[in-house]
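My structure is below; once you've seen it, I'll send some questions.
In order of appearance the chains are A, B, C, D, E and F, and numbering begins at 1 in each one.
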Amino acid sequence: MFYHDNKLQYKVRVDKPNPAFANMLQQAIGGIEGEIRVCLQYLFQAWGSRGPQKYRDMLMETGTEEIAHIEMLATAVALNLEGAPMSMKDEMAKDKVIGAVMGGMNPRHVLSSGLAAMAVDSNGVPFNGSWVVGSGNLAADMYANVMAESTGRVLATRLWEATDDAGMKDMLAFLIARDTMHQNQWLAVLEELGGLKGVHPIPNSFPQAEENQEFNYSFFSTHIDAKNGANQEMANARWAQGPSMDGKGEFSLVNITPQGGIPQLAPPDPRGHAQKEQMTGSAGGGLVDKVKDIL
Amino acid sequence: MFYHDNKLQYKVRVDKPNPAFANMLQQAIGGIEGEIRVCLQYLFQAWGSRGPQKYRDMLMETGTEEIAHIEMLATAVALNLEGAPMSMKDEMAKDKVIGAVMGGMNPRHVLSSGLAAMAVDSNGVPFNGSWVVGSGNLAADMYANVMAESTGRVLATRLWEATDDAGMKDMLAFLIARDTMHQNQWLAVLEELGGLKGVHPIPNSFPQAEENQEFNYSFFSTHIDAKNGANQEMANARWAQGPSMDGKGEFSLVNITPQGGIPQLAPPDPRGHAQKEQMTGSAGGGLVDKVKDIL
Amino acid sequence: MFYHDNKLQYKVRVDKPNPAFANMLQQAIGGIEGEIRVCLQYLFQAWGSRGPQKYRDMLMETGTEEIAHIEMLATAVALNLEGAPMSMKDEMAKDKVIGAVMGGMNPRHVLSSGLAAMAVDSNGVPFNGSWVVGSGNLAADMYANVMAESTGRVLATRLWEATDDAGMKDMLAFLIARDTMHQNQWLAVLEELGGLKGVHPIPNSFPQAEENQEFNYSFFSTHIDAKNGANQEMANARWAQGPSMDGKGEFSLVNITPQGGIPQLAPPDPRGHAQKEQMTGSAGGGLVDKVKDIL
Amino acid sequence: MFYHDNKLQYKVRVDKPNPAFANMLQQAIGGIEGEIRVCLQYLFQAWGSRGPQKYRDMLMETGTEEIAHIEMLATAVALNLEGAPMSMKDEMAKDKVIGAVMGGMNPRHVLSSGLAAMAVDSNGVPFNGSWVVGSGNLAADMYANVMAESTGRVLATRLWEATDDAGMKDMLAFLIARDTMHQNQWLAVLEELGGLKGVHPIPNSFPQAEENQEFNYSFFSTHIDAKNGANQEMANARWAQGPSMDGKGEFSLVNITPQGGIPQLAPPDPRGHAQKEQMTGSAGGGLVDKVKDIL
Amino acid sequence: MFYHDNKLQYKVRVDKPNPAFANMLQQAIGGIEGEIRVCLQYLFQAWGSRGPQKYRDMLMETGTEEIAHIEMLATAVALNLEGAPMSMKDEMAKDKVIGAVMGGMNPRHVLSSGLAAMAVDSNGVPFNGSWVVGSGNLAADMYANVMAESTGRVLATRLWEATDDAGMKDMLAFLIARDTMHQNQWLAVLEELGGLKGVHPIPNSFPQAEENQEFNYSFFSTHIDAKNGANQEMANARWAQGPSMDGKGEFSLVNITPQGGIPQLAPPDPRGHAQKEQMTGSAGGGLVDKVKDIL
Amino acid sequence: MFYHDNKLQYKVRVDKPNPAFANMLQQAIGGIEGEIRVCLQYLFQAWGSRGPQKYRDMLMETGTEEIAHIEMLATAVALNLEGAPMSMKDEMAKDKVIGAVMGGMNPRHVLSSGLAAMAVDSNGVPFNGSWVVGSGNLAADMYANVMAESTGRVLATRLWEATDDAGMKDMLAFLIARDTMHQNQWLAVLEELGGLKGVHPIPNSFPQAEENQEFNYSFFSTHIDAKNGANQEMANARWAQGPSMDGKGEFSLVNITPQGGIPQLAPPDPRGHAQKEQMTGSAGGGLVDKVKDIL
């Protein structure tokens, strides 16, 4: 269950409101690299957690922290929008203001939310629940989390570069620090689960003998001139020679060739109403006859 | 540039067509864990690759391979749909057929595609371009790729469990093997980039001195009874003590407390047409006056 | 800021796991009538709240409660999925099991989440951030909230009807009760803001003299035989006679007639490359000439 | 069935075309507050209407009117786009034009529609059918409609503020008036259905004795310092004391405490291929054994 | 402007309600091949029509007719849902009913709409405004319309095959007939615009001399063994020899070869925070230096 | 299966990088008229092709070519973004730069992709798999392809108009030429399938005697004053008289009148929890009674 107070996790100060920067901040709220995603991702992983209890507990701790990050960013958006131009009337003649209003600003910050944050990204594309990854496999989920905190920290450093508002830079320096911690935190779980050699290939519970043994450590080159040695650079790369990272195989280079034949589909089922010409072609009329029998 | 031949990368055989399994296979085509996603993800990462050429080259190799995986799965879907019931007439009385048709099957496999694969997942939700991650940061992208191949291999092993068709199991065993390779391949890049200590925190090009130094290696406990020691388990965990995984800090446990005050937003801008009652509250009428002056 | 403990707001017990009911419950998690929506809606309204502080405070209270509702439902989904059939092998021959697996179940509960809840509705359509309404107008937002709790309670009563699992019925009876409270709660704000006569038309801060005075309380009949009295029933209805609900007008019935002429658009701009035939029609060639001059 | 003529419901005049305002108007066409939504919402409610015929009839009347509103706005968009800059060539040097073209304009108005309206909002996000609410419960639907007309009128007044084009202001004054009427119209139905006391809790056909009687009129405070009296303001609020708005209960304040225990999920089903480490934890190994037996 | 009456364009009779068929019919309402799409497509094309008035008038006629088709199908859905099982209680034991409820039915027909049609397709995926095509080029639009009526008629014939309800078959036979007419109608416009030779290449207003003259009538073979004659079948095909369909060129076969070199992107901008290792590669360090100078 | 080399199909040169034009180019990558769509559309049509083999082969040839077009455009986007302003700091004072940055640019090109192309359109709306049309009917698919290449060529000519960069114009002249070829190519298939008279109505495999014979070649006028001759222009049009384009009927004009009665739905099922008032109306209480009996 959840509780709140009325204070922010970290101070949010905007010295010079900037509606275009407000729009940029939306990426960190409702974007695929944003806080709604990690918040729901960690909480859903916790709620569906099967296995040792401590991972569930940890996911709850950090999922709850992330709600406060959405709150901080939503507050920052609202503050950056204060005093924003809300019309195209008088301002029409003054270039600088128009640039801010009609350019970098999201018109829905005026029209739809009345100068407040929304659950969208910096293109106004709504947050999408498909981004919330929880696979039921703890190691896969940890990689999903490392990835989210990595693209999230990249985003936060770009926002830090994009502003010279001291308050915003301070807030972002806090969020960047939290992303550092969270990257390390999920990596700690992966170490605890056995590191590269213990964890991979994910899932490690699938009997590896069942996978195709010929191509599970082969780097396939699809280069059209592979046989002429065009892929020499690839042949020498780490991923084409030496022991595999999971310690369970040896990398090699394979010039790709088709292992399967030309696919043959039956002609269309008459009840699917393809064109007549599709049903009288040479390739296998068997099904048509069979289906006619059934009808 | 790209070339093709008419053969499959690996053989696709369906011994016993099953339209419900055809639907399940769609998850591996158009789902967030599927092949369209990794195909476009690796190709877009290649096309936008900045820095050493060899990573671009490698991404092209594997991105091209993935097109052939979509092709294999699309073929498998078409073959599993052959002979599928296309109506609810006669079958109405026969339970077993109805179960397959109206149950696990995707009705759009009959209605929209005429017994062929579509660019959707196993719920019929269309493939979404937002899933194609290419951040411009090589390490973040490699984690995105490890994560995609991890959830992808988990998916493939579940499909392997869900069928006892020998042809399908053989095809999946091949795809599972390729996922093993691809997990290892992206990890090899991360090793080459310096491993955990060299790579993290991502991005490693942001001057870490600029991030908040107080909280960048602190595990925050949001547990309501944290101060009563309810989070003892967390205090002893790997992520709350010892050196951080990136070797640049020391983990600690911090019971979370608000560092920021109560946020204060200005009253609504009159031109945004909030209710009148919102503009006459006690909290800071300054902006209203200011805006009125401007009007 | 937010805190948590590890317990549920209300007990969640599943006596007889049912994967098809698990899928139905997803509507209450990730559907447009569901708990992610109200949770984010109340929190975003709070974070963007301008005007009297107490409404922000109240929205925080209830938004925080809703996180616990998502948690309860996610737990219920996971429990309903336990023991679910994960394959189509042996079961193929046994109708009853197949019915549950391939029919009402969401295949992604097996393939994507490993028997856990996801941020999707009962069709597998992902939660969409566009559903999070916060307009900046307190009264409009309260109606959005009453509407959400009304469709939410309708949904919950339908779920209650759809199950005879005593644990699930008890959990739903709790959630239904909370929806009763929340409907009343938002209505209390509307009363406090002045009730129908004080609140409407929303926004009440727009000078009503600026709206068209001829048609602001007219019920328009678009019935093709309106002039022949076909709409007698409408003429006698409450919304076509008597004082308006906001007390600011008098309802009337108007048979609709076009007040505007036939729209005339200029011919296509040549640089937009319409077909040539579109540019040589009779209707107004002026712009073409004008644009040619500019080029 | 439906009929048309070639005239507009109300005149649409644009004195000074403005492509950025054309983009803003898209919010009123394809946005969640827009006219496609209300049009389809009223028509779908009519087509699915069960119960007294007159509500179906009324919904048809107004749903049909709304098609004409889309038409007016689409015409206004086309007119505002006339003469819009279609290139970035010569204009590159002239700031003011570039501001309009590359700033507030939607590039797809040039690239995709050839200077005409599209079925998207002011961020270019396509209209989404999930916004069309028809629950089958008349009272819930009426609130959905009041809410749509409330956020719709807020939007229209903001558009009215954003322009000083006399023609556009006149058109918007008409649409604002219609929103006034429609708010009143749906409220009239709610009055007819019994007003607050007769209508709530929605649905009123669910036997209220079945809902949890302990918490159906309790305002839950989730404030972390609730027990220390931090929520005194809430205790005194209208929604925490006095008779409920539906007349069926008495409001009270309850400091929230968990009523449910710590959730316990079974360990992962082996066929779901979690990591091995998840299956050997202490918490309940029962299912693993059970599933193994089944396999 | 628009008008209505309360009758249907054509009779809708359901002899034997079938909730699974109700779900299938949704494809014809809210699917990409469905009636909401063509309705909005024709109306938006009309509202944005530039050039000869008669095409606008015709589009209005048929766009208005399509609203009545949505109405017919929505009515058919509601009738097919009557008496549908709304719970999983008693039915649990009875296979046949469960098959219908939990299988082919859309659970949201019970949970969300109360046995009425929704603006979604047969997978429950909401109607999407991006499907509404109006390019501003009349010929391109006519092809969009022919295509919509072609996939629409294919869909309708498949629905006709899928049912043996005489009422439904009669309704579908009417809709199939209308699709026949509409295919012919849009083709008549294309003939009037000049037929293949006059219309193509679309847009015919672009000066064809500006397009690349070397490859505008060449069929490119991407077959990897093209030079070995593997594409003999293609060489002899109609699209690789003889006059082009637009009469403006001569088809030829070209074995594809890269005409462009290896793309070279500058190294990452430091403020974009790629990994350090990406900025020190050999390929062109120029920009890094340049950007550092700017900073 | 697929192969690649590292060169581009055609040279991509950007003389003067322009981040706003980079955004416009996204429409040709991830938009509904763009190259991801045609690439996947042709490949999925090939992979699901049933009937004569040569159409499958041709679709593979061209589908493969289109991957190279995405590559060219993605390269063009990256090159146009080089040197793009990545912050709002210093530039704030300089109008021209701000115009480019905050105006026409996509902020996600900085924040999310680090100056590279993404799988989105020029509004940042992600590519959507629903746009990939493959109906299983070859003629319908050919029209879908002609339509895609028509709107695609219209888009490309508009992009050509929007730039004066010689490199970009040259690349677009190549892509425009390819669209010319591809329009002709799909038309050649339609000719081969029998031309208008042989192909239509699509599907030509449905026994046309089964469609309604009264209205299959009637142009319906929905004009409200049709009977007063308001639609004289329509009566004389090609689509209302003379032989139909498919040679199988004679066009006529019909003033639309309702052929169906007033629809009658049963009252709500009590378990669906409509309002009580809906269940006691006069219209047909039969079902309520029936359902009560069942309960």
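The rule we apply is simple: contacts are C-beta pairs under 8 Å (C-beta built on N, C-alpha and C of every residue); 3 or more make two chains touch, one makes a residue touch a chain.
Predicted model, so just to flag it, every value in this text is computed and none were measured.
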- Item | Chain labels contacting chain A and also chain F | B, C, D, E
- Note on the structure: The chains touching both chain D and chain F are A, B, C, E
- Message: If I rank B-C and E-F by number of C-beta contact pairs, which comes first?
- Response: E-F
- Query: If contact pairs are compared by residue number, which of D-F, A-E or A-C agrees with A-F in over half of them?
  - Reply: D-F
- Item | Chain centre separation (chain A, chain B; CA means) in Å | 5
- List the centre-to-centre spacing of chain B and chain D in whole Å, with centres computed as mean CA coordinates. 28
- Query: What positions in chain F touch 2 or more of the other chains?
  - Reply: 1-9, 32-33, 47-48, 50, 57, 60-61, 64-65, 75, 78, 86-87, 95, 99, 102-104, 110, 112, 114-115, 120, 123-126, 128, 130-131, 135-137, 139, 154, 157-158, 161, 202-203, 206, 222-224, 256, 258, 263, 265-266, 268, 271-274
- So, in the complex, the side of chain B touching chain E is made of residues 1-6, 47-53, 86-90, 95, 98-99, 101-104, 106-108, 110-112, 114, 120, 123-126, 136-139, 193-194, 199, 202-206
- Message: Applying the document's contact rule, which stretches of chain C touch chain E when the two form their complex?
- Response: 18, 20-21, 23-24, 27, 31-33, 95-96, 99-100, 102-104, 121-125, 154-155, 158-159, 161-164, 222-225, 230, 256, 258, 263, 265-268, 270, 272-279, 281-283
- Residues of chain C touching chain A in their complex? 1-9, 30, 36, 40, 43-44, 47-48, 50, 57, 60-61, 64-65, 67-68, 70-71, 74-75, 78, 112-120, 126-132, 134-137
- Can you check the complex and tell me which residues of chain B touch chain A? 3, 5-12, 32-33, 54, 57-58, 60-62, 64-65, 72, 75, 78-79, 82-84, 86-87, 110, 114-115, 125, 128, 130-131, 133, 135-137, 139-140, 143-144, 146-147, 150-151, 153-154, 157, 160, 173-174, 176-181, 183-185, 187-189, 191-192, 196, 200-203, 206, 208, 210-224, 231, 233-234, 237-239, 244-246, 249, 251, 256, 258-263, 265-266, 268-269, 271-274, 287, 290-291
- Message: So in the complex, the part of chain E that touches chain A is made up of which residues?
- Response: 154, 157-158, 161, 224, 271-273
